[in-house]
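Look for chain A in each of the two complexes below; its partner is chain B in the first and chain C in the second.
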Partner chain A sequence: MDPLEFASPSVSAEELALEGDAAQRYVDGLSRAIARARLSDQYPPGKRLAAQVSAMGPAAHGGLYPELRVDRRSGLPSYREWTRVSADAELSSKILAELPPEDELRARAQREAGGAHDGIWTKQLRKLCYHRLLSTIDGTPPSQMVVKLRRVDPGQRRAWFHVVLDKLDQSGVFVRSCLDLAQTASFWSRPMLRLDDDAVRETQALRTIIYRLTSLDAELTFVRLADTEGLTIERVIKGTVGPVYVPGVAMPEALRAELPGPPAPGFLMATFGLDMAAGDVAEDGDNDPVEDLLTERLDPEGQAAYAAARQRYGYRVYKDRKLVVSSPALVDVAHRFCARMGTRNVVYALRGGAT
Partner chain B sequence: MSRPHDVEVGDALAELVDQFADPLVFLRELVQNALDAGSPEVDVYAELRPSGDDPDQGVMVIGVDDYGEGMDRQIIDTRLTRLFSSAKDGDLTKIGKFGIGFVSVFALRPDAVCVDTSRGGEHWRILFRADRSFVRIAREHPVDGTKIQVFKAVTRAEYGDLAARAEKTLRHWCKHVSGTVRWNDDDIAEPFDVPGALCSVRSEAEGIRVVASYLPGGASSFGFYNRGLTLLEGTGSGFIDGVAFKVDSRYLEHTLARNDIMRDANFDKAMAVVEGLAREQLPAALWQRVQQVLEAEADTRSLDAVHRVAARVAASSEVPSQIPLLRAIDGAPLTAAAVRKAAKAGTLRNAEQRSALADAAVAAGVTVVEVRSGCAGTLALLGWLADGEVHHVARTFIMPGPLRDAEEQTRWAPLRAATEALLQAAGVRVAGVVPARFDYAGSCIARRLFVLQREPLSLSPWAEEVVRPAEWKRKDTVVINAAGDGVDAVLTLAQREPELAAYALVKLLHLAVGPLPVEVDAQLCSASAELRATRLSERLGVVAR
Partner chain C sequence: MGDAIDVVEVLLTKDVPYAGESISVATLESAIEQERTRQDHQVKALQVLQHRNTEVSGSLAREVQQLGRVSQHLGQGRVNASVWGRFREAMARIPGFSSLAVTPQSVEEILRHQYEVSLVRVKEAAELADRLGMAEAELHDELERLNTKIIDSARNETLAAEHVLALQQERDRLELELESAIEPGPRTHEMQRNIDRLRRVMADHSMRLQLYHTAEGRLSRLQESTRLLIGTIGNLRNDVTAYATAASEKLDLVAGQIRAIGTAADASVVMLEMKRSLDAMAEALDQSTRFIADTQLYFRQSLPGLLDDLHVFDTQTRDVLQRNLELSQALEDERIARGVEFALLMQAEQEALPESSDA
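Moving on to the complex of A and B:
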C-alpha cells in the first residue's frame, strides 16, 4: 500500500477529520514533504514544523486524540492541532515528572492487557511515550516575533534591524515575514524598535502593525510600512508553507487538469511560496503557479498606484514557489502544471531529487 | 541562453588564495556563505568520476549545495567575482565580512569550478577555469539556492586522501553550526559541549551561547564560534587558566587571515560572559559533581579526577561546608566542615581502605578519609581542606597483631618466660613481654624489632618514644616483632637454651635502637648465666632425687 494513501476522510465545510491510519499517513507525508523542501531562513522553520507535524500523528500520541483536523483551504493541520502540540510540549517536562517510571507502567499495562478497551495504565504508558517525544522537539508556538540588530550608525541616529514574524495565517497557511528595515530616531516619530545595548525589543506598535500586515502580500506590507514615519524599508519577504494539496482539499483547476482523474489516494503536492518586495530584486516577476501578484489582481487604476509606489520607494516585486510531490511519478505532473501557469519551478519528489 | 561573458579576476587573488594554510578550508568559507544566504541546511559531498580508460585516474568533485537566497547577475558580477565587495560588512546577522570567501576555492588549485544559482527569476551557471577567468551562462531551469562544484583531476589514491581531509576539515569548522551541515548525507552536528568535561555550566542569551567546563587534570581549552561556525579553537591556558570553554556569538569575528579572532569590544564582551560564568557558576557545579560522583560510588579514578580539579578550584573559590566532598573508609560521606573539624582536633588521617588498624582508629574517634593508592587528587583536596598534610593512619598509629596460631604461641613460650625472667633479674621493671606480628597492612614498624605499649596489641600512637632503648617503665609491655631480623634464630636457640636466648634477644633489641652500654650488657649477661645455672641445678636436683 502506498504510505501516503488516505482513508476516505470525513468532510465538513472547513475541515477534514482524519483518523487512525489515514491521519498517520497524512502526517508522515506532510512532515517528509516539509523536510524535503529544504526551506531557507526566509520560510517558516521547516525542521520545527516537520517535527511538530510528526507529533500530531497517532503513532506519536498513541491514540490520545481521536482525530486530526486538516484545514480544507490550506491542506495543513488546523490551528487547533498546532496549538495542541505546542501546549502539550510545554507541559511535557511536568507530566513526565509526574508519571511513574516506564518499566513500572509497562508491567502494569501488560497485566491489564486483553481487555476489550485499553486500560488506564496502557493509556498512561502511551502518554509517557508521547510526552517523551515532545520533550525532544521544539514546541515553539505557531506565532512568534524575533528582532535582530543588523548595524548601528550612532552619527545618523540610525539602526538597521531584521524582523522575523512566524504566524499561522488566518488563511490556514504558515507564513514567515522577514523585514529588513532601518529606523531613524527622531523627536517627531514614535520609535518602533528599542535598542538597549545589544538587545533589541520591538514595540507593541510595530508588533501590531506587522501582525496586521501578515495576511497581506509582501508588496502591500512594504508600502504600508514605508509610509510609517521614521522607518525605511529595505526588504519584505514572505515565505509560506502551503497550500498542500491532498484528496479532499481544493486544488487549482490547472493542476486538476493535469491529473488523469480525481487525486488518487496518497496524492500529495506541498507548495512553498516566496513573495519578495525589495530594492535588490533585479526585475519585477511572478513565478508562482498558485497565487498571482497583488497588482495582477487590481484594476488599471490600482496598478498605476502601485507602479507609482514602486517608483517612489525604489523596490521591485518577485514571487516564486517550490513544490514537493509525493512520488517521482508526479514530478512531470507538477512541471506541466507550472508550465500551464507560465512558470518554471523547483520540484522535489519524496523519493528522488529536485528537478 | 545569453552570450558567455569573459572576465579576468584581479591579481590580488593569487595572494589572497595563498593565505589559507589548508586549501580545503574553502569548505568553511562556502558553508559560511551558505549560512549567510539564509540556508539552514548545507550538503557537502565528494565523489570521484572516472575519466578515460585508466581506473586510477579521475576527476574529483567536491560539491557544496545550499538552499538559500541564491545570486542574480548583479550579485555575481559585483560580489561573487569581485574581492572585498561584501554586502555583509557590518551586518551583525552575517558571519562573513570581507568578501573573500568564495575565492578560497582556488586554494585547492582546481581545474574548474562550476556555480549554479537562481534568484529573482534569474538562473545562472558560472564556470571558472583553472586560471580563474570565468564565463557566465544563463540557465534554462531554476536552481534551489546555490550549488558549487569544484573539479580537480586526481588519482584514486589522491582522491581518498583529499576526501578524508575534506571531511575532517568540514567537521572541524562546522560541527556546531546552527543549522544542518551534511557530509555525504551524514549530519556532522556535534552537541555544543566540551567533550570529556567533568562538569559544565551554560549561558544563553540573545546572540550568544556559552559553555564552560572543567576538564580532567585541570586542562584549559577554548573555542570561539559565530553562529556555530568555528573561528578559533585551541588548548592551553591562553584565556582562562584551568577552564575549558566554548563561546558562540554572532558578534565575534575572525581576522582577515582567518587564523585568529578579532580582539575588539565584542570579543571583550563575550569573554566577560565566559569569565563570569567560570567564576560564579562553574565552581558550584564542580562541588555538585563531586557529590554526585561520591553518591554514585564511582570508581576510584573518576573520583580522583574530580578531586584533582576540586583541589585547584578550592584555592580560588569558596568551598561549600555542608556538601559531601570526601569519603571516610567506612563509606560515610564527609563534608568540608567535618574534615576541618577533625583537622583542627588533630584527629584526621587517611587510609587506602579498611583494616583492623584503621577501624580501631575510627573507633577511637579518628576521622580516617579514604585515599586510594595513586589518588593524588583526593590527597591534594584533603590537604587543602585540612590546611596541611594529612598523614596516613598507619604511619601515625601502630597496632601489632597477635601471633598466627597456637603452635607459634607454644614455640614462643620458653623465650617469652625467659626474657621476662631475665629483665626482672636485671632489675628492669616492665609489665611483660609479648611476641607479635608487625607486618600488618601499611605498617610503619614492620622492620622494627620491638615497641613499648601500655596495652599490648592495641592501637597506640606511633612515636620514636615507643622504641626507646632505655627507661622502660613498669607499665610498658615489650612487644617483640616475631618476624624481626634475627629473632627466629634466637627463638630456635630458646628451645634449648632459653636464658641464653633471652640474653641474646634483649641485646638484639637494644642494639637495634642504639649502643648497649658495657655495664648493662655485663649485667644482662650475668643475670642470664645465673638464671641458666639455677635452672640447670634445679633440673639436676630433680634427677638426684
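Moving on to the complex of A and C:
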C-alpha cells in the first residue's frame, strides 16, 4: 500500500478526522514533506514542525489519542493538535519522573493484556514511550516571538533589531514573520522595543501589530510599521508552511484542473510560501501560484495608495513559493499547475530529487 | 497392636500439605508486617495524590479567575477604551487599515494564550486521574494477594484441625489403653512413649491451627482496609476523569471558536463571540474547580479517619500477636486443648453443612 494513502477519512465541515493507519500515513507524508522542503530560517522552523507533526501520529502516542484533526483550509493539523503536542511536551519531564520503570510497566501491561479494553498499565507504557519521544523534540507552542539586538548607536540614540514571530495563523497555515527594524529613542514617541541591561524585549504594542498582521501580506506589516513614529523598517519577510493539498482539503481550481480526477488516496502537495517587502528586493514580482499579492486584490484606488506607499518608503515586494509533491509522477502536474498560474516554481518530490 | 503402632507412625510422620510457606509466630508477624508496609506505602501515595490534587485545584482556580477578568473586560468593551488607545487608533488609519483597529493586545492572542494555559491544566488533571488509576490497580493487585493468602490460611486451618483431631483421637485411645493396663511393662512404656510423641506433634499442629486462624482474621481486616482505599481512590478517579473529560470537550469547542474568530478580531460581533468563548471556557473550568474542591473535601474528611483506623488496627493486631505469643509459651496444654476444641467445632460445622444444604 502507498505509505501516503489515507483512505476514507471522516469529514466534518471544517476538519478531517483521521484515525489509525490513515492518521499515521498523513503524519509520515507531511513530516517528510516539511523535511524535504529544506526550509531556511525565513520559514517556520522545519525541523521543529516536522518533529511535532511526527509526534501527532499513532506510532508516537501509541493510540493515546483516537484521531487526528486536519484543517480543511490549510491541510495542516488543526490548532488543537499543535497545542496538544506542546502541552504534552511541557508536562513530559514531570510525567516521566513519576512513571514506574519500563520493565515494571511492561510486566504489568503484559499481565493485563487480553482484556476487551487496554488497561491502565498498557496506557502508562504507551505514555512512557510517547513522553520519551516528546522529551527529545522542541515542543515550543505554536506562537512565539523572539527579539534580537543587532547593533546600537548611542550617539544617534538608535538601535537595530531582528524580530521573529512564529504563529499558527487563523487560516491554518504556519507563518514566520521576520522583521529587521531600527528604533530611535525620542521623547515624543513611545518605544516599540525595550533595551534592558541584558535583554531586549518587544512591547505589547509591537507584538500586537505583528501578531495581527501575520495573516496579511508582508507589505501591510511594512507599511504599518513604517508609519510608526521612531521606527524605521528595513525588511519584512513572511515564510509560510502550507497550504498542503491532500484529499478532502480545499484545492485551487487550477490544480484540480491538472489532475485527471479527484485526488487519489496518497496524493499530497505541500506548499511553502515566501513573501518579502524590503528596500533591497531587486524588483517587484509575484511568483506565487497559490496566493496573489495584496495589491492585485485591491480596487484601482487601493492599488494607487499602495503604489504611493512603495514610492514613499522605497521598498519592493516579491512573493515566491516552492512545492513538495508525494511522488515523482506528480512533479509534472505541479509544474503545469504553476504554468497555468503564470509562475515557475521549485518542485521537490518525496521519492526522487528536485526538478 | 502392630496396626495400632502403624497408625501412630502414620500420624506422626504424615506430611500435611499446607499451602504457602511454613508458618510460625515470627513468619506470621513478618508476613503481616509486609502487608502492612505495602498498605502504608499506598496510603503515603494517596497523600501525595491529595497534595497534587490541591495543586491542580489551585492552578485551575487561578485560570478561572484570569478567564473571568478577561471575559469581564471584553464584556465591558474596555479593550480599546484608553485615550492613548483611541489616539493611536486614529493615527493608525492608513489605506487598507480601516478594519484593523489597534488594540493594546490582540484578543485572539489573549484567547489563544488562555486556551494553551488551560489545556496544560486540564492535562495535569487527566494525569492525576491516571495516577489514581495506577494506585487503584496496585491496590487491586494487593487485594488479590491478600485473598490468596486468606484462602490459603483458611485451607491450612482446616487441614490443621483435621490433623489435630486425628492425633487427639489416637492419643485418647492410647491413654485409655494405658489406664486399663494391669501392670507396667515394656508395652505400657511403648504406649507412654507414643502418647508423648503424639502430644508433641499435636502441640505443633494446634499452634499452626491457631496461627492460621489468626492469620485469616488479621488478613481479612487488612483486606477490608484495602477495599476502603480502593473505594476512596476509585471515587476520586472517576470524579477527576469526569471533569477532565468535560473540560477537554469544552476546550475543543473553544479551539474551534478561536479559529472562527478570524483576523477581524476587534469587530464588535467578534467581541461577542470571544466573550461567549471565554464564558464557555470559564464555565468548564469553574465546574472542574468545583469538582476538585468537592473531592478535596472528601479526601480531607475521609483520609485522616482512614489513617487513624489503620493505626488503631495496627496497634490492636500487635497486642493480639503479643498476647498469643505469651499464651503459647506459658500455656501449651491449654492451647492444645483449645485447638482440639476448635477442631471439633469445625468438624461439627463441616458435618452440619451437608445436612443444611440438603435441607
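Convention: the second predicted complex is superposed on the first by the 353 of 355 C-alpha atoms of A that agree within 3 Å, B and C clash if a C-alpha of one lies under 4 Å from a C-alpha of the other, contacts with A are read in each partner's own complex, and residues count from 1 in each chain.
One rule holds in what follows: a residue touches a chain if its C-beta (ideal position, glycine included) is under 8 Å from a C-beta of that chain, and two chains touch if they have at least 3 such contacts.
Keep in mind that this is a model prediction, so the values were computed, not measured.
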Have a look at chain B and chain C on chain A after the superposition and call it: clash or fit.
-> fit
Between the C-alpha centres of chain B and chain C, what angle is found at the C-alpha centre of chain A, to the nearest 10 degrees?
-> 70
Superposition-derived comparison: chain B or chain C, residues of chain A touched | C
Which partner does A:Pro141 contact after superposing on A: first (chain B), second (chain C), both, neither?
-> second
Of the partners chain B and chain C, which touch A:Arg38 in the superposed model: first, second, both, neither?
-> first
Thinking of the overlay built on chain A, is A:Lys322 touched by chain B (first), by chain C (second), by both, or by neither?
-> first
Please work out whether A:Arg80 is in contact with chain B alone, chain C alone, both, or neither, and reply first, second, both or neither.
-> second
So, A:Trp121: does it touch chain B (first), chain C (second), both, or neither?
-> second
By how many Å are the closest C-alpha atoms of chain B and chain C apart after the superposition?
-> 23
Shared chain A contacts, counted only where both chain B and chain C touch the same residue | none
Residue positions on chain C within touch of chain A in the complex are 88, 92, 94-97, 100, 102-106, 108-109, 112-113, 115-116, 119-120, 123-124, 127, 130-131, 133-134, 136-137, 251-252, 255-256, 258-259, 261-263, 265
Report the residues of chain A in contact with chain B in the complex, numbered from low to high.
-> 38-42, 45-47, 148-151, 160, 162, 198-200, 276, 280-283, 285, 287, 318, 320, 322, 344-346, 348, 354-355
Across the complex, what residues on chain B touch chain A?
-> 37-41, 67-69, 72-74, 90-93, 119-122, 140-145, 180, 206-207, 251, 269
Residue set of chain A touching chain C in the complex reads 14, 71, 78-80, 83-84, 86-88, 90-91, 94-95, 98, 100, 108, 112, 119-121, 123-124, 127, 141-143, 170, 172, 204-205, 207-209, 211-213, 215-216, 220, 223-224, 227, 294, 298, 302, 305-306, 309
